[in-house]
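First the structure, then my questions, so here it is.
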Amino acid sequence: MDSERYERGWEKLKEIDGEAGERVIESLKDIAPDFARYLIEFPFGDIYSRPGLDLKSREIATVAALTALGTAAPQLPVHIHAALNVGCSRREVVETIMQMAVYAGFPAALNGLLAAKEVFKERDEQGLN
Amino acid sequence: MDSERYERGWEKLKEIDGEAGERVIESLKDIAPDFARYLIEFPFGDIYSRPGLDLKSREIATVAALTALGTAAPQLPVHIHAALNVGCSRREVVETIMQMAVYAGFPAALNGLLAAKEVFKERDEQGLN
Amino acid sequence: MDSERYERGWEKLKEIDGEAGERVIESLKDIAPDFARYLIEFPFGDIYSRPGLDLKSREIATVAALTALGTAAPQLPVHIHAALNVGCSRREVVETIMQMAVYAGFPAALNGLLAAKEVFKERDEQGLN
Amino acid sequence: MDSERYERGWEKLKEIDGEAGERVIESLKDIAPDFARYLIEFPFGDIYSRPGLDLKSREIATVAALTALGTAAPQLPVHIHAALNVGCSRREVVETIMQMAVYAGFPAALNGLLAAKEVFKERDEQGLN
Amino acid sequence: MDSERYERGWEKLKEIDGEAGERVIESLKDIAPDFARYLIEFPFGDIYSRPGLDLKSREIATVAALTALGTAAPQLPVHIHAALNVGCSRREVVETIMQMAVYAGFPAALNGLLAAKEVFKERDEQGLN
Amino acid sequence: MDSERYERGWEKLKEIDGEAGERVIESLKDIAPDFARYLIEFPFGDIYSRPGLDLKSREIATVAALTALGTAAPQLPVHIHAALNVGCSRREVVETIMQMAVYAGFPAALNGLLAAKEVFKERDEQGLN
């Protein structure tokens, strides 16, 4: 095990996803602990830790892709939170999701907007941006 | 016909997609001229003309989504050009596409990177960024 | 804003989707009111208002596509209702969904049929066709 | 082998897909002859032979689904031909494909329209509707 | 109706899917009894009854495909059960699902692993492997 | 850089994919050398190097998933070669692909079979199994 990648990934995951990310890792501990490790190492230790694209743009890319794919319902809210955590405005998140109507159809965008609505409500209750 | 949306969309399409966009519109003229009009009006006249998200971020979102979907092979190069036209660096485009390995798998990212390679080669020949 | 498209779209949405369509528009009002407007204007004001294909065929096309895609679970029941609202028989809806086993696999068709079963039950309770 | 299903399927395949369908069957003969048989028996002998939905509506459903999925590039032209063979007008085919912009995005509809353009050109050369 | 295919399919469905398979057939009885029959005849009577690939490998293929597609949430647990019923170890199921991170992204694999976790818990309660 | 993962991945990639895998890595060298490294490290150094599922089963899973997704046309032949390289028979590959008709529709299976046909022809010319 490459402990540097793991440490870097774990810090990045906490910075971006916060507690939601930690809960995902926790949920994998008994069924596939190695997958929990890979999830920390590759997406967060390798990809999100790279220079060359700022975190705001990285989360816009991810929110766009998950909205368009439409097959990652549990992951989309985590990344809407993440986008807001790393500095996107709610308006930017909504614009990103709306734009997906052009590339993946109106149902994909509509389902993404309703996910954002839930996330915004949660954050209102917690006094978050 | 709402000529204001159409005019605004046509200007926006030329700004973003350049000649590649005009060729798409041209290719539709005999088979579905109304669809050519809708393509100008809704994606470009409505969506890309909105404030609230800058054009660079909009093209990062589109490149991410088309890479992840993997079903828009002819449209992905158009939007890689567009991303570069509106101010993204090649590095930012490459980072966006690479990140899709996390959300849509390595083949999706690999096919996106090979599309970018072709676009960069074309632009080198034309002396573009 | 092009009020003619909006009016035409709003009438068409009510004709096709009925109350379910109005609820979708309502759900978007606070998070993305412009998207609610686009949803009325483009799909309903532009596309479903076109001559050249009757509404029954349009809804068969939509039910087929949503069943095959498998990523629009909340929208499929709305369009099964819509198909029945514009004159399709239950049998025609079931045949359309079953046929998708050929093009998108048995799970897609099976999930579509179970959605239809729920819709038919709701309509039985309301005395609808 | 259930020769009645096979015979019925073979007749139906020729009625709907014509020579393009026969070429598909031929292409499978050496690699997977049983799959060629299943293709005749299930989609054509079972599904397309069912009453309850007319062949025009069945082909509109299939053209819609294949356009929306975007992963069946070789099969979409076969079914555009088929739609025209069983009585759809070119206009109805174009309307069906355009509508998919709403449910699967503009690239899916655009790729479908360009496929239709090729099919219409082929049919013009052969003097077909 | 070809009763031999039906009988063979019904036995194969019970062998592979057990009670979960029977419940699926039951759920279709009132809405689409012919589809229940096709589901028994084609997937089970034709495909799973073929020699040339052992049942363990067939279920690994199915678990892989359903995990990767991400659109068959109700069917994936049925086939995780099926894989274990025909002799796969839990470890083999987990490895198959984890591998899909490479081909369909981390969310697809993660959702698959959480489905497996539920199935394993159910089986623990029933004293199954 | 973790050179052990890289070395292990590189050996595994050559064992499984042979020259086709090396060509993929080569094609990435100028556009995204880090992605070439990740491709060696994560899929091959981490995933395919794991015990718990034999390589034959791993390639059956991959061929199944790529056939079902239908968005990885350049990668499917590489993995059909890989499946045969690690000990699958041609019959097992054909059975795996055919089975995908059940889960992803006939066009997906048909396109997979035609890809296999090309791979088998290439291997015949090279005297391979």
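As written, the chains take the letters A, B, C, D, E and F, and residue 1 is the first residue of each chain.
The criterion applied here is as follows: a contact is a pair of C-beta atoms (placed from the backbone, for glycine too) under 8 Å apart; a residue touches a chain by one contact, two chains touch by 3 or more.
In this text, all values refer to a predicted model and were calculated from it rather than measured experimentally.
Contacts with chain B and chain D are shared by A, C, E, F.
Residue numbering at the chain C/chain E interface overlaps only partly, since under half of the positions present are found in both copies. Looking at A-E alongside B-E, one finds more C-beta pairs in contact between the chains of A-E. For the pair chain A and chain C, the distance between C-alpha centroids works out to 30 Å. Remark: chain C and chain F have CA centroids separated by 40 Å (rounded to whole angstrom).
Shown for chain A are the residues in touch with two or more other chains, namely 34, 38, 42-43, 50, 66, 68-69, 71-72, 94, 98, 100-108.
By the touch criterion given at the top, residues 42-43, 47-48, 50, 52-53, 56-58, 60-69, 72, 91-92, 94-96, 98-104 of chain C touch chain D in their complex.
Those residues of chain C whose C-beta lies close enough to touch chain A in the complex are 24, 27-28, 30-32, 34-35, 38-39, 42-43, 66, 69, 71-72, 74-75.
For chain B in complex with chain E, the touching residues are 68, 100-108.
Note for the complex: chain D touches chain E at residues 2, 5, 34, 38, 42, 46, 50.
Chain D meets chain B in the complex at residues 69-71, 94, 98, 101, 105-111, 113-114, 116-117, 120.
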